[in-house]
């Protein structure tokens, strides 16, 4: 195997009419890998403010047959899930990612919804997972694997329900990578999660006469419960709204 | 006596020379109307594409050198063909990329070489023509002109100035007609399929006239249309723009107009 | 697979006479280009992205040794393994060895052109490992024992009735009188039949659209989700990819992903883009226990530094096939090997030899539509011309054609002689044909007149008429 390796690398260098790269050039390439620069990012989503990015996410997702139900708060999620299942005539039994992020949702308010936490098994009809991000430019969900988020939930059941919070929407793929790298760094993990799934609509195929059929091998239905809860970190939320408070001066450039 | 007019060397093209000189005279007329002084260097034959596209670089270069020498000194070189103009403009520089001593001359020639209609509009600023043609015409975009030289709107713009002429768009106007120079001889079955589809599209527009800017494509499409018995008059766009339509359309019997 | 590129012309005749194929191709010719155009028009930056894509891949190819080594180091650091293979035989043996090491009886496969290139299925089958194609199109052609006819839509040459016949012949455990007249029912049946096979497979083999040096990841892009089930459920995931799939960073691949789906199917983004980095992690509840990348060279390293280097930018989107009038006329099987259309016409001679595949780069009108839609701006016509040059140098083109070309060039290089001949030729042909305006048959141009008329010349050459006009004008200047 090392013979093959050396021959292939040698052949590449011979064809490029050079030997192994020098110290300086290698260092420059290493630096390029260590701090990747962005290429051109389309303005479609990047030029929008966060509320418009969320609307764009919704519109783009719906365009590819993802159904999106926008709810005002996490407290409304159980009812939304229950009514979606009822409307689709699906059983009220779900296999749910064992992710603590889903524990904030008051599931007990809908006692008829039954859950199993864990990976998906053959026969599971409906799964429910969190998302890592929603990418506005294409209406894409970014799902990452981990002990709390098994990937089988994204593919085995016929119906996949994803809970996405408004502040998880990012404009672009690049922004999503930045967000994921930051999370991995915060966890002290140098690697990407084992699997990163970008999901843009339910499974489909056009392999027979180019007529699109949903549900080729993956989920037939992809449903997003989009939680529009106000985001605490937004500047507008930080401004006191009490009428008795003195009017605050406009922020100055460079201040703080 | 000094002539201030723009001096244009007309690259006739081998097909126009052999098949349809009326296109050459139409080109001369249009160029003169645009204020050019037109000359036709006798030392030209062909741009070299048949050899170039057959992998024969040596003959291609010999022919290209002949063209370069023949058109030395003109302000512009103009051809009533996107294919030949494209050969000079985009492929000659590639052909001599390994000959630094030729670089300047080839670049100089390439930059001055144009397809006829786009030269008239883009360089000479021609906006109107005084021509009359009664009929419903459709236009096929020949591949080289379209993709190598960006000839698309220019002929349509001028055709809209022709009295009596109505234009209808050809679906698939940008799809090759199946001529391809030696291709149509080497792969007649594929070429036939392509030109059959093209002819069917042309007939389906209901147009009574087919126009294009390259004689090779026109011969191919006209040959298919007459074989199918379609009553479509086929002409080079220059003939219509120059109001020189006394000669029978391509493939039509003598006396037909 | 056995190449039939040498028999291109008879393949073409068969394809043109095949009414079902022509009907299927008719659907493809209009569908893909319209969808691509709509997607491109919707993204104002598309042209700029093409230029960036070209730049990224060029940079990668110029430093391919570095990026391959970086990729390998990262895969190892993540607990995976990289296997370097010079030839198809080495890749086949490596994969078989991995299958045997876990006692694999069946392997599921995501769509992989490299697997076709190394004829993996036949080899596994001969060695008692059952390969199961899981992409619907690949599954259909596997049942029919056919090669793919398109790089992203392998069964594009078929109509639904043929798919139904293949299913009835294979799925004999199902009721013989079940209705199978619609793509919906066919799709559901494939889903039902393949699901247990996904669950039972010991090894999953996928291709890779990209390999990422920064992270040691492989990326697959699919719409069906079959690739994900293939790599997620079995104990072992084998990624089979050629060396030019390398891309430096996640940012770089983001640019290429924006180009890929739009160019391929006209989608904004494919349904599933999956980035895989190593095997199952501690605590993971699913995912493969082993992650192997089989890296294939098969002559690609030798393309670097040649006039064919640009071909290594190809991301296999199929836009060139979808826009090629020749592909649209004859379909993919006529090309006689794994790759079709313009990209196949450039790559196939490299992989199986110009003597075998000489027809492919010749069967092009150089209309340039492929290059105009290629997301990586690969100069496909130019490279087909380079193959013709190699063929001409090696005297592989037909002797009669070379003789004819030589004679023409002899005259074309002698303008005065040429003009005399042209004047005579125009007079003779014009004299015979002018009255009717066309020839229905011409002895030396049967290739032309067998299918279309030859319009008659006007009877005089331009140069002779121009000389007369100049003589007539002379006195005015005295």
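Chains here go by letter, A, B and C, matching the order in which they are written, and residues are numbered from 1 within each.
Going forward, contacts are C-beta pairs under 8 Å (C-beta built on N, C-alpha and C of every residue); 3 or more make two chains touch, one makes a residue touch a chain.
All figures in this text were calculated on a predicted structure; none of them were measured in a lab.
Once chain C is ignored, the contact network of the remaining chains breaks into A | B.
Counting contacting C-beta pairs between every two chains, the top pair is A-C. The distance from the centre of chain B to the centre of chain C, with each centre set as the mean of the Cα atoms, comes to 32 Å. The centroid of the Cα atoms in chain A and the matching centroid in chain B are 54 Å apart.
Taken in their complex, chain C has these residues touching chain B: 9, 12-13, 16, 325-326, 329-330, 362-369, 371-372, 382, 385, 387-393, 397, 401, 405-406, 408-409, 411-413, 415-416, 418-419, 422, 425-426, 434-438, 440, 445, 447-458, 460-463, 465-467. Taken together, the chain A residues at the contact with chain C in this complex read 1, 4-5, 7-9, 11-13, 15-17, 20-21, 25-26, 29-30, 32-33, 36-40, 42-44, 60, 63-64, 98, 118-120, 122, 137-140, 145-147, 150-152, 154-156, 172-174, 177, 190-211, 213, 215-219. Those residues of chain B lying in contact with chain C across their complex are 12, 14, 16-22, 24-25, 40, 42-46, 48, 50-57, 59, 62-63, 66, 70, 94, 143-144, 147-148, 174-176, 178-195, 197, 219-220, 222-224, 226-227, 247-248, 250-254, 256. By the touch criterion given at the top, residues 24, 27-28, 31-32, 43-45, 48-49, 52, 56, 62-70, 74, 77-78, 83-86, 90, 134-137, 140, 153-156, 158-160, 163, 183-184, 186-188, 190-191, 194-195, 198-199, 213-217, 223-226, 228-229, 232-233, 243, 248-252, 254-255, 257-258, 265, 267-287, 295, 297, 301-306 of chain C touch chain A in their complex.
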